[in-house]
Amino acid sequence: MNDAKISRFPTPQISDLPDDIRARILAVQEKSGFVPNVFLVLARRPDEFRAFFAYHDALMDKPGNLTKAEREMIVVATSNANQCQYCVVAHGAILRIRAKNPLIADQVAINYRKADITDRQKAMLDFAMKVALKAYAIGEDDLAALSAHGFSEEDAWDITAIAAFFGMSNRLANVTSMRPNDEFYMLGRT
Amino acid sequence: MNDAKISRFPTPQISDLPDDIRARILAVQEKSGFVPNVFLVLARRPDEFRAFFAYHDALMDKPGNLTKAEREMIVVATSNANQCQYCVVAHGAILRIRAKNPLIADQVAINYRKADITDRQKAMLDFAMKVALKAYAIGEDDLAALSAHGFSEEDAWDITAIAAFFGMSNRLANVTSMRPNDEFYMLGRT
Amino acid sequence: MNDAKISRFPTPQISDLPDDIRARILAVQEKSGFVPNVFLVLARRPDEFRAFFAYHDALMDKPGNLTKAEREMIVVATSNANQCQYCVVAHGAILRIRAKNPLIADQVAINYRKADITDRQKAMLDFAMKVALKAYAIGEDDLAALSAHGFSEEDAWDITAIAAFFGMSNRLANVTSMRPNDEFYMLGRT
Amino acid sequence: MNDAKISRFPTPQISDLPDDIRARILAVQEKSGFVPNVFLVLARRPDEFRAFFAYHDALMDKPGNLTKAEREMIVVATSNANQCQYCVVAHGAILRIRAKNPLIADQVAINYRKADITDRQKAMLDFAMKVALKAYAIGEDDLAALSAHGFSEEDAWDITAIAAFFGMSNRLANVTSMRPNDEFYMLGRT
Amino acid sequence: MNDAKISRFPTPQISDLPDDIRARILAVQEKSGFVPNVFLVLARRPDEFRAFFAYHDALMDKPGNLTKAEREMIVVATSNANQCQYCVVAHGAILRIRAKNPLIADQVAINYRKADITDRQKAMLDFAMKVALKAYAIGEDDLAALSAHGFSEEDAWDITAIAAFFGMSNRLANVTSMRPNDEFYMLGRT
Amino acid sequence: MNDAKISRFPTPQISDLPDDIRARILAVQEKSGFVPNVFLVLARRPDEFRAFFAYHDALMDKPGNLTKAEREMIVVATSNANQCQYCVVAHGAILRIRAKNPLIADQVAINYRKADITDRQKAMLDFAMKVALKAYAIGEDDLAALSAHGFSEEDAWDITAIAAFFGMSNRLANVTSMRPNDEFYMLGRT
């Protein structure tokens, strides 16, 4: 395990955390084999931690038309536009796993227009990138473009909310200098 | 009351909402005399609603060195940079009330560098605007500039988290075309 | 009356001004009940003052198809894009009065795409914003879009000239740190 | 003489113009040997024409510390940033003549940082470019930088007003597709 | 001859250069009457010099559908977007000569949309400018727009390669502060 | 092997290529175990191919103070800024190998400010990114910042030339939709 600092801010010991937060972290560790640093970096603010992960789960774990891989594509593409190292590396790993495709995360991160994804998925990412970069200009035309690719109103909300939530996450990660765990880099590549 | 659409997406009837959400909305209505539209627009997704307001409260209602007015300044300045009508109008109202100053919200929204606020508050907003607009480039120099004005590490986190959270909120409001309630425009002006 | 500085540069006493300038200022004061600071800030350069207001009047007081409220919409939308506190606050007041609508100025300033205005007025502001932000790229398509909404060639000139003139005014106000009079903030709100 | 269109909008015959405007145009023609197109393009709006040239003369012909060549440098540098063909070509000619330097206009237009001008003039153009491109962010530091090069408060106003006025002019010229007279291209080159 | 520095970096004596490089330089001098500074500035790195000019010649001297003047238009338009003084001045001279048009280089440099060129040439420059400024977003639509104006696949490659090569050249010239020879300014103007 | 298209343009058969180009390609294949697609995509233009690789080798294989890993860092950081999928993936692989560090390429690509590299290397990348994104503004201060970290004048040239050359390469790859070979993704990760 790497001993580099995982945050510009102090991070708590797991043993000092409120029970519910410690339990969540231990459950993740059990499942993944390591504790993703975002849990430790955000745990110093328990109420914010709880809200952050409740929001995350509401968007990423809920049922819906977007596949889990598609949701991760949104995270990866917008996070590279925001130059967020933690989010691209960590969610790149999840994208590779969800899509069962070792190449897709790097492709989507760097330039999704050239990725091995469908035209429908490119339209989804066009919309997500506009949410990330100039949401103020989104209008009926943008929603119609989604609809033309078969996305429903609920899907449009999902794309928006995921791009918006991770825009927040990207900013937190960049200011805290949140370090991606070494483990993420290789996940899903083989 | 104005009958213009408050969202591009359908909004639920208050009577159809889960109990906890309906209770929160009725409490706000009781206190404010009207239901701010953000509650109705987000209520169609109960889990996201709960997480959104839990996060909001964790940042805006918690104790801390930043005054309530200062937190609202961050919201107002960054929301105008993101061209978010709902957030500038609604939080502009709250800022006027918190600061007991009828002019401050418009000043901070349009160009905080010219507002009737302290140099320390301008430094706070310089940092918040960088979080909103290019968080990827924030470095030690930016944190040192905050520190030179007496902001602690906890304050830096607060400024960051508020700017990041409302960056998410701005994007949701812009895509949904969330309409500010007419009531907000005059609050705190007299 | 607020005694904050109204300009980064010295401002003359009304009594020291050339007769024509003093007369104009007194006439405005008579009509409005106060002297808008732009008159005092620019008065230190009498020739520039005369040209500025002659130009202003030629664009804003002349007959033409654009209503007075529409002209003020152009000023308000482009001035917020240029982050000009004086112009948004002062012309926001005039817009509220001209449109007899207490909400419209804040809406148009923050994001005109969501304002309670007609599609034709949004097309007018699309054009005006392009004049303000990238006039070099305006081409036949942009003029055709205006024409499709019933704007004549004379109207296109008016929109252009108003956006261009207030782009100058925004820059003067930002460099001088021209302070909006306190009186403007409430005008037309009730 | 080239018979290409000089404006996207109709231009009047000189003989149809109000006396004062016709007189001014004939005087310029007498002096220069041709009528610069800006006079014809703007003449269709006599009141705007009068205000435009009164403003122009107040800034460009008045006494002051900035040399006439320096004023033209401001016009040329900011007009290329705004991609204004008329202004770069016409004022480039005037700059060459005022500075008695056949190379300077092209240098200043393309990248003033590499031009054969003094460090003081580069500081003047740094300020002028900031007025043109992001006046909202101009602060005490920018004025102090001017002052460190010996520019007075009056000079700062002059630089500002010239950059702002020609920013307006650039926008008018770009929307009208104002064509530079062929004569300008060679003036001052030999 | 002007004795201003031609580069921020040391430049070799022609007599000290490898034979092939000296021969090339003397041949250019023979033909043009002077040695364009780019040869002297790059000669300090013989291998890079050879590759640079081999690439240049492969793009600019080869047969193909684009006329020599059209290739120079691409250089001039993109080089002004990159604010490269050397490239705009030197290739502006070549463009005037190739096109036998003393006005065209200044027009294309400042705003090609207003230049005396064909609609087909404007489409060529739209594409070239997108290569220069946001190549990552070029897609089938952009290539179809070229094709609609009769450009072949080979032409599309040529436009791309010229814009890309001179984007490199612009960056080298800006960092080295490569000075255009005085001789270029007047070439092709009379 | 993946049979996806490697270029938007036709690519030649290796057997049809001129001897020197075929020999170079076979040598690369011998050494790497596969033919990087850039060789095939560019081979359709033999003269440009030769110049491109001669330039490449002159910058990347020559002796000098910058380590081979440092040169690749420049490629990777600037190529992600230009959203070039081929260059980030292919040179990311080379960077991992040169630096014997499986994590470094992703870190440098996404946000080099947070990468596990030295402050000196971050200064090198600050300069390289300015060459890539706004070379026109590079001045003595930027060179002094390099010098303060011990970079020589030759090093400054190297950094500049590498950033400029790959800026060209990024544009070629984006317009051709050059596909990174599948093999690159895993190289140097284990």
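We just call them A, B, C, D, E and F in the order they show up, numbering each chain from 1.
Methods note: a contact is a pair of C-beta atoms (placed from the backbone, for glycine too) under 8 Å apart; a residue touches a chain by one contact, two chains touch by 3 or more.
Here the structure is a predicted model, which is why all the values come from computation and not from measurement.
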Mind listing the chains that sit against chain D and also against chain F?
B, E
Using the contact definition stated above, find the chains touching both chain A and chain D.
B, C, E, F
Suppose chain centres are the mean of their C-alpha atoms. Which chain sits farthest from chain E?
B
Given that chain C and chain F share one sequence, their CA atoms superpose after a rotation (degrees, nearest 5) of 180
Chain pair with the higher count of C-beta pairs in contact (E-F, B-C)
E-F
Same or different, please, for the chain A to chain B contact, judged on whether over half of the interface numbers appear on both copies.
same
Whole-Å distance, C-alpha centre of chain B to that of chain E, is 51
CA centroid of chain A to CA centroid of chain C, Å
44
What whole-number Å value describes the gap between the mean CA coordinates of chain A and chain F?
28
Where in chain B do residues touch at least two different other chains?
83-84, 111, 136, 174
Pairs of chains in contact (touch as defined earlier), listed by label:
A-B, A-C, A-E, A-F, B-C, B-D, B-F, C-D, C-E, D-E, D-F, E-F
For the complex, give me every residue of chain C touching chain B.
4, 80, 83-85, 88-89, 92, 102-103, 106-107, 109-111, 114-116, 174, 177, 179, 182, 185-186, 189-190
Residues of chain C touching chain D in the complex
8-10, 45, 47-48, 50-52, 54-55, 57-59, 62, 82-84, 131-132, 135-136, 138, 143, 153, 156-157, 160-161, 163-165, 167-172, 174-176
Which bits of chain D are touching chain B when the two form their complex?
136-137, 139
Taking the complex as given, what residues does chain E use to touch chain C?
111, 113
